[in-house]
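Paired with subunit B in one complex and with subunit C in the other, subunit A is shared by the two complexes that follow.
Moving on to the complex of A and B:
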């Protein structure tokens, strides 16, 4: 009722991640390396409005919480702290699958300002998957103490995403972060991340694969990030196929026989 | 239709797989990762500038805390220091709490008499439930309220990862994962929490090792038992330096627990859990100024109150049950005596007696109540002494034939035996297998029996 089949399909998908879709909140994912103060950001944003459980079918802790900004409530989902999304551990798989299939309306990546290079690896992998990313550059006070200067404007330009410096434990910068997320969700802020440039060998292989994948998937390829998928196939990543089968095809199958049209 | 798509898709994948051999695939994967890294490097280089040298005080401290020669002694000193602070600090508030709670009990008894309540009701509610509760609260709350905040402070400061770093090598040699020391530190608070913490270990084999051996870290429920017994038997009560000796004994017990963890891990990874330890990069996070206020609040609410509440929930009904067991008779002997006599011959072999063993069995729901049950059973008429006087406790135990070997065996049994019911259920939940849950209880029990048997036989032959 009022919902298009597409959006209620997304809701079904989101429900499989234990999200309460009844609330109709925008879904915000919180990603980041371990030891970046990600939990501090999560706690500062959600306060006492949070609850923990497990990721469905996994013994990995899932924390969710709610916060309000400009009169709208948001659901914040804390992803496991990981160094990458290459699915070499359950945590990395959980984080990847959430961004990939629950399609959060925005993803915040928390990074340690004193250790930017290593943290950027994750940022680049997230922006490969989804466009609506904001970088929360945390621990700015420690960076300052260590005489590390970061060119925020330059970083924004080279990554193609907004960068918000924060000191989460003192609550500094969190309002800017919330406002930026709101702007992204309301599409007041358009984001086009600069994608990773791979070496010619890889790019050529991807180019070669793309038409083949498109052909195989037919109309299913719409809404899928084919370039990203091609890269996973090149890697021989079996886990993404399993996850796709679990999340994506099953839901589409339901859509195919039209068992959800009315919410 | 979509089903065929999946099939096509999987076929496509296998086509691609076939067109590449393993080596090429690995090269591609490496190249993809390398490209991401070099992109990150370029962006970081362009936008980050360092002015002057880093101060590096953290690194200097790390060199000392994780050095080959000083790392371990510092660790032991820290551990001993924390225990000592707990023992010394807990004494006085424990006594005060005990005095207060038993003052309340007196008034409760008067109240029951005033309204003319029947004797058995007064027995179950006041002498059974209330007295056990008073015990658990006055004995456990003060040490927890001191131990947990200090421990959380060390955690917040960033010291615990250094401990993991120090122990990494030992764990690797025994086929386990270095992160296991972190799950073990969680186990100090609560073994169930330690079992859940094993999620941070990625390899399923090593995770299982960490889960199964977590029991060998004395959790908060057994910790007071160890502290109290070592105080009244190993250190002369009240003497100078006795608290130091008592802390030393507890450190020694923790070391025994670690040694057995390593030994069991080694045996398991050579037998039913074969495999090579996976390598992992242990990151030493920078030292951070702990947020003292938040640590105090967090450790009090999350840990102290949580554990205490659990103990209370289990202890109150258990107290009632024990009172019933002690006050109902089979052929003129109370049920407690009856059961204790039944298992006494076996218990004597491992340096305990029937009552001690029975207390451990009844303590399965929560280890916190082992000592209260023990004392209550000794005073077989169903009432406990006031917990504030360690001398009185010592008197009761000695009157029931305890020697320091009994105390030692009881402490070792407490350290090793089986985890509490909650932990066993948690093992089931985390491993999704009753088989491992049961193994996680039977294996430590076997170890406990072997160790206490050996210790008892050797020490009684040698010294008594």
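Moving on to the complex of A and C:
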């Protein structure tokens, strides 16, 4: 992991998320729906005893821990459980801003294997925002008990991301998960998630917006996912502009981009 | 009919969402799209909110939300 001018700019940004950049660890984010065993995965990987429990909003602020794999230390950040990344609640905003601005080197999405249909919505939203995603299919024992069989290979192909089955409570599959994260961080594993395509009207509007966004943001557009940003602006999402202002500027950015929202 | 009027225990199906903007987004993210099966499981003593089984998860919705959801 070479330290370039760009990555030290990123370090400044990461510091705003209370990340200890002195350690120079790869940053791994842990996302997922509520109640998928996310905090259990977090505790199993870091050896911490963050309180796990079954009620909404348990992890509103992000918890951090460390783990080692193949001689490298990693910083793992437990994001609040959400059904969405589209920032209609504090939890969603915390999760989205972290992935968007702290730019984790890899993101683990924990999904409930007994309830894939519901969980895949968030997976698609995360892969729309960042490429370096691994799906941790947790609660595989529960799935087996309910006689649910999952075609892991098929799922990997449809999503375009690696899928690791786990039973976090018993520590099963976690080594595979750690090794996959290491492979992603070391760029031994290239990931090209299958992206959602929208209607021709929306795709055309995105194309139209992209050069404007690039112009407005200048250098800042470098590390950002501009397609994703364009989609949020088309939705009229004010919160992303507020977050960008918080993380990038002290002065007013709004005037420049606001007029393209649908509001 | 509106989801608000759905009796407990009856299996129904989402026809349309009348909500717009961020409210609509929220309902979609909860898994409510046209064709989704939904069952009212339990109602709070005051009659609001009501707990619904949606795609394998029980979620409580207020009448301000269920008034925007048409089911059959």
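Methods note: the second predicted complex is superposed on the first by the 230 of 263 C-alpha atoms of A that agree within 3 Å, B and C clash if a C-alpha of one lies under 4 Å from a C-alpha of the other, contacts with A are read in each partner's own complex, and residues count from 1 in each chain.
Please note the rule applied: a contact is a pair of C-beta atoms (placed from the backbone, for glycine too) under 8 Å apart; a residue touches a chain by one contact, two chains touch by 3 or more.
Just so we're clear, the structure is a prediction, and the values are computed from it rather than from any experiment.
When the shared chain is aligned, subunit B and subunit C each come close enough to touch A:235. When the two complexes are overlaid on their common chain A, residue A:22 makes contact with neither subunit B nor subunit C. Contact with subunit B, but none with subunit C, is seen for A:149 once the two complexes are overlaid on the shared chain.
When the shared chain is aligned, subunit B and subunit C each come close enough to touch A:86.
Touched residues of subunit A, counted separately for subunit B and subunit C, are more numerous for B.
Looking at the shared chain after the overlay, A:114 reaches both subunit B and subunit C.
Residue overlap on subunit A between the subunit B contacts of one complex and the subunit C contacts of the other covers 35, 86, 114, 117-118, 121, 235-236. Contact residues on subunit A toward subunit B in their complex (touch as defined above): 34-35, 59-61, 86, 89-91, 114, 116-118, 120-121, 123-125, 142, 146-151, 154-155, 158-159, 169, 196-199, 201-202, 205, 209, 212-213, 216-218, 220, 231, 233-236, 238, 241, 244-245, 249, 252-253, 256.
Residues of subunit C touching subunit A in their complex: 21-22, 25-26, 29-31, 55-57. On the subunit A side of its complex with subunit C, the touching residues are 35, 83-84, 86, 88, 114-115, 117-118, 121, 235-237.
Those residues of subunit B that touch subunit A in the shared complex are 1-3, 5-6, 8-10, 12-13, 16-17, 20, 25, 28-29, 31-33, 35-37, 39-41, 43-52, 54-55, 199, 202, 283, 285-286, 291, 429-430.
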